[in-house]
Amino acid sequence: MESRAFQNVIITLILVNAAVLGLETVGWVRDTHAVLLRAANYLFLSVFVVEIMTRLWVHGRGFFRDPWSVFDLVVVAVAMIPPQGPFTVLRVMRVLRLLWLLSAIPSLRRVVAGVLRALPGMASIGVLLLMLMYGAGVMATMLFQDVDEEHFGTLGDSLFTLFQIMTADSWSGVARPIMEQQPLAWIFFVGFILLSTFMVLNWFIAVAVDAFETVALSDEDDEAHASRQSILREVRSLRDDNAAIRADIAELHAALRQQRGS
Amino acid sequence: MESRAFQNVIITLILVNAAVLGLETVGWVRDTHAVLLRAANYLFLSVFVVEIMTRLWVHGRGFFRDPWSVFDLVVVAVAMIPPQGPFTVLRVMRVLRLLWLLSAIPSLRRVVAGVLRALPGMASIGVLLLMLMYGAGVMATMLFQDVDEEHFGTLGDSLFTLFQIMTADSWSGVARPIMEQQPLAWIFFVGFILLSTFMVLNWFIAVAVDAFETVALSDEDDEAHASRQSILREVRSLRDDNAAIRADIAELHAALRQQRGS
Amino acid sequence: MESRAFQNVIITLILVNAAVLGLETVGWVRDTHAVLLRAANYLFLSVFVVEIMTRLWVHGRGFFRDPWSVFDLVVVAVAMIPPQGPFTVLRVMRVLRLLWLLSAIPSLRRVVAGVLRALPGMASIGVLLLMLMYGAGVMATMLFQDVDEEHFGTLGDSLFTLFQIMTADSWSGVARPIMEQQPLAWIFFVGFILLSTFMVLNWFIAVAVDAFETVALSDEDDEAHASRQSILREVRSLRDDNAAIRADIAELHAALRQQRGS
Amino acid sequence: MESRAFQNVIITLILVNAAVLGLETVGWVRDTHAVLLRAANYLFLSVFVVEIMTRLWVHGRGFFRDPWSVFDLVVVAVAMIPPQGPFTVLRVMRVLRLLWLLSAIPSLRRVVAGVLRALPGMASIGVLLLMLMYGAGVMATMLFQDVDEEHFGTLGDSLFTLFQIMTADSWSGVARPIMEQQPLAWIFFVGFILLSTFMVLNWFIAVAVDAFETVALSDEDDEAHASRQSILREVRSLRDDNAAIRADIAELHAALRQQRGS
């Protein structure tokens, strides 16, 4: 089951599925080959369901101990939502099957695991950013609600606009018309850009420092650590040597004294 | 007072206060529940005032030695400004109560403290950036005042426009019309973008190098330092051992000589 | 052949060739000096062909073992495509002759080699990014095809638009009109920007960590490694010393015993 | 001359000069106080000239050995260009007097020196970027000259537009109209953005690695180096100890043999 060949078959199936999903976006293909596409869809789905059922049956309870297995199960569950519903959103969900690649390719697993491991260390700055976004959102809504309803009409609008400003996308196009009526509004915009950029920058540095600590320093220093430990061990054994030497000399001394006594 | 449960109550209160502030941005809520909102506002305010008064009373003068306590006091003082004044800005000030979260959650305190500690080291590059901004602002106003009054009419306009250019937001939309009348203006814009980007980049690197020095290298090297120190100590004790050995031998020699003498 | 002077001649020729290519973009120069430009073109081409032929003749099979030689051969082959074809694209190919500078200047070779060496380590995150782009492309086409045909009409359009969004270029100008008809579309756009930025950031950090590992730590630690090794060697020789000392004492003891026996 | 107080006077003068330059950008101040501004201008200029003359007179030839002194001399020379000429550019030059702050404040000097020291190491990637810009500029002019004369009419236009694209400012607004006529043009734009971003990223990493090598590793490892050296010295002295011990034992042996002989 876990053999290399089987894994390659699964990866190929996911990629073909991805290609079929791509084809489905083309209008005339969707119209002329509707039956074929639906058949392919059911085929992929059944293969994935069979695969996951077999794994469940083989591993039993152990299945749920591996987070990647649970992840696969969720992906398959989402994939089983009937795509013919009234909402396109449900059809779109099938694209999430691509996520199966994450657990099927070991090197991708490792990258994702590494990224997830770095997340908790960034929680604090994330909370700070959320605080800044929410606080600035409430402020902006209160201040600019009446001046620019399109961008700051509701708290939701403000948050979206602030996100746009944070990505530096046409923020001056938002700020300039407001500044014509509230000349001091630049303080808010410039302050928000500086603060949010500064936080994102600190977030970035926190991630980078973390990556260095775990990757760069560890493997180099493992060797240094081992060599220092072996020096320490050698030096300590020298101490034992010295004790033995002193014992030898003491013994010699005793022998000499005994000789003199005789 | 400093117990975990109490802290959680305070954090919950701040979050509820934040939610109420969010509700206040919704027009019909503000209109139909004005009394309720005002009551909630007074409730939060009084809790915060009581909390800070108690702390002041408990710690006495020690209160002012902890910068976070002073910070809380300022936040409460700002929160007490009556929000019903004619200026919306004063109402907006209440959002700053969110800042109390900074001192209420220890991990946020640490992040803020770390960021503040990094600031002085960046002062020099900050001064350079200010110099560049001001110098370029004066230059741009002198050069483009008559060509593009909207963006470079006054020194203030120029500084805002240069900030916009520095964030790479629609700068070509500002530069192209000017270049139609002053073809060499591209030298100023390209030069300013290159210089300011280069400085921000250097600022960023300075912060990153600083973060590494204090975080990444220190804890790894503490261990190396300790192990090197213990090697040194061991080696030095070997030296004492050797001295003892030589003394033993000398004693033995003396004993032998004495024996010969007898 | 490989002498410094010869190399400088080649570099000069490439730079003059670059200047001639620049001149060719000027309409009136192209019209009035067409013959001269064509002659220069043939001259450069023949020099490059002769140079590479000589190298091939001198090194024989060894020529193909050096990847830079093969690179040069490909560049010359591309340069020999007749530029007078109906397609401007073929004329444009001649600009690729500039690439010869890469192999002619040793320090550029090193930079390119360093960059290429870092590539395989980034393959995993690259695959993740491609997955994200393709998946988001299919999703966006399915969701927004009917709403905004210009930006999301086909899968190709969607991929180009997503690339534009990833570079934060006027993404709000794309998102806002769609959000007027599908208010929840912001989830897709904000999610895509956050995810793609996060991945690019991780890619960047991976490259940086890699660069540090190979450059910064190696040369500093070579010295540390050597000094630790010599400490270890010295300490081990002390052990031999100690063994010799104990042998000396044993011998002394034996001599004493023998003396007593006599 | 080099005293702290004197330096503060110079810094104050430069800042006041900067403020006066700022005032000059205000139309009505320039009109009503023209004489005052001109007088202030001459005053500042004469102080700076006197300062630099005194330094020249005091240090003699040594003056020209300090690059900062030469820098100051150039700044003063530029400041002496009469500002009343027909070209505003000459008036603008006076803003460069602000640069004097660089050499007047020691911590700024250090930052600038550090940045300059990092420059040569980046020369190779800089050359690569210039190659990319020039090559892409020629290519773009050849390909898009007839389609979009405004952005790619001449080589100069193309280079400016490519710089705009590199900063990700409204590049899709340039690319989309061209792609309507040349559908494959996206290859050029996407390729250029990816390549230039990748190079800038590598440039950035090169600067960062350099900064770490010189700053972060050096001072931490100085201590480690010293401690390793002292361990080595101690261990070597142990060797001498051992030699002495063996000599002692040999001497003892000789004494014993002599005793036996007697």
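Labels for the chains are A, B, C and D, by order of writing; each one numbers its residues from 1.
The rule is simple: contacts are C-beta pairs under 8 Å (C-beta built on N, C-alpha and C of every residue); 3 or more make two chains touch, one makes a residue touch a chain.
Source: prediction; values computed, not measured.
Both subunit A and subunit B derive from one sequence, and where they touch, under half of the residue numbers involved are common to the two copies. Taking the mean of C-alpha positions as each chain's centre, the chain lying farthest from the centre of subunit A is D.
Centre-to-centre spacing of subunit B and subunit C amounts to 36 Å, using the average Cα coordinate of each chain.
Distance between chain centres (mean CA atoms), subunit B to subunit D: 25 Å.
Of all residues in subunit D, those that touch two or more other chains are 168-170, 208, 212, 217, 224, 228, 231, 235, 238, 242, 245, 249, 252, 256, 259.
Interface residues of subunit D, counted against subunit C in their complex, comprise 123-125, 127-128, 131, 134-135, 138-139, 141-143, 145, 154-155, 158, 168-173, 186, 190, 193, 198, 201-202, 205-206, 208-209, 212-213, 217, 221, 224-225, 228-229, 231-232, 235-236, 238-239, 242-243, 245-246, 249-250, 252-253, 256-257, 259-260. Interface of subunit D with subunit B (complex): residues 18, 21-22, 24-26, 88-89, 91-92, 95-96, 98-99, 101-102, 105, 107-108, 110-112, 115, 160, 163-164, 167-170, 204, 207-208, 211-212, 215-217, 220, 223-224, 227-228, 230-231, 234-235, 237-238, 241-242, 244-245, 248-249, 251-252, 255-256, 259, 262.
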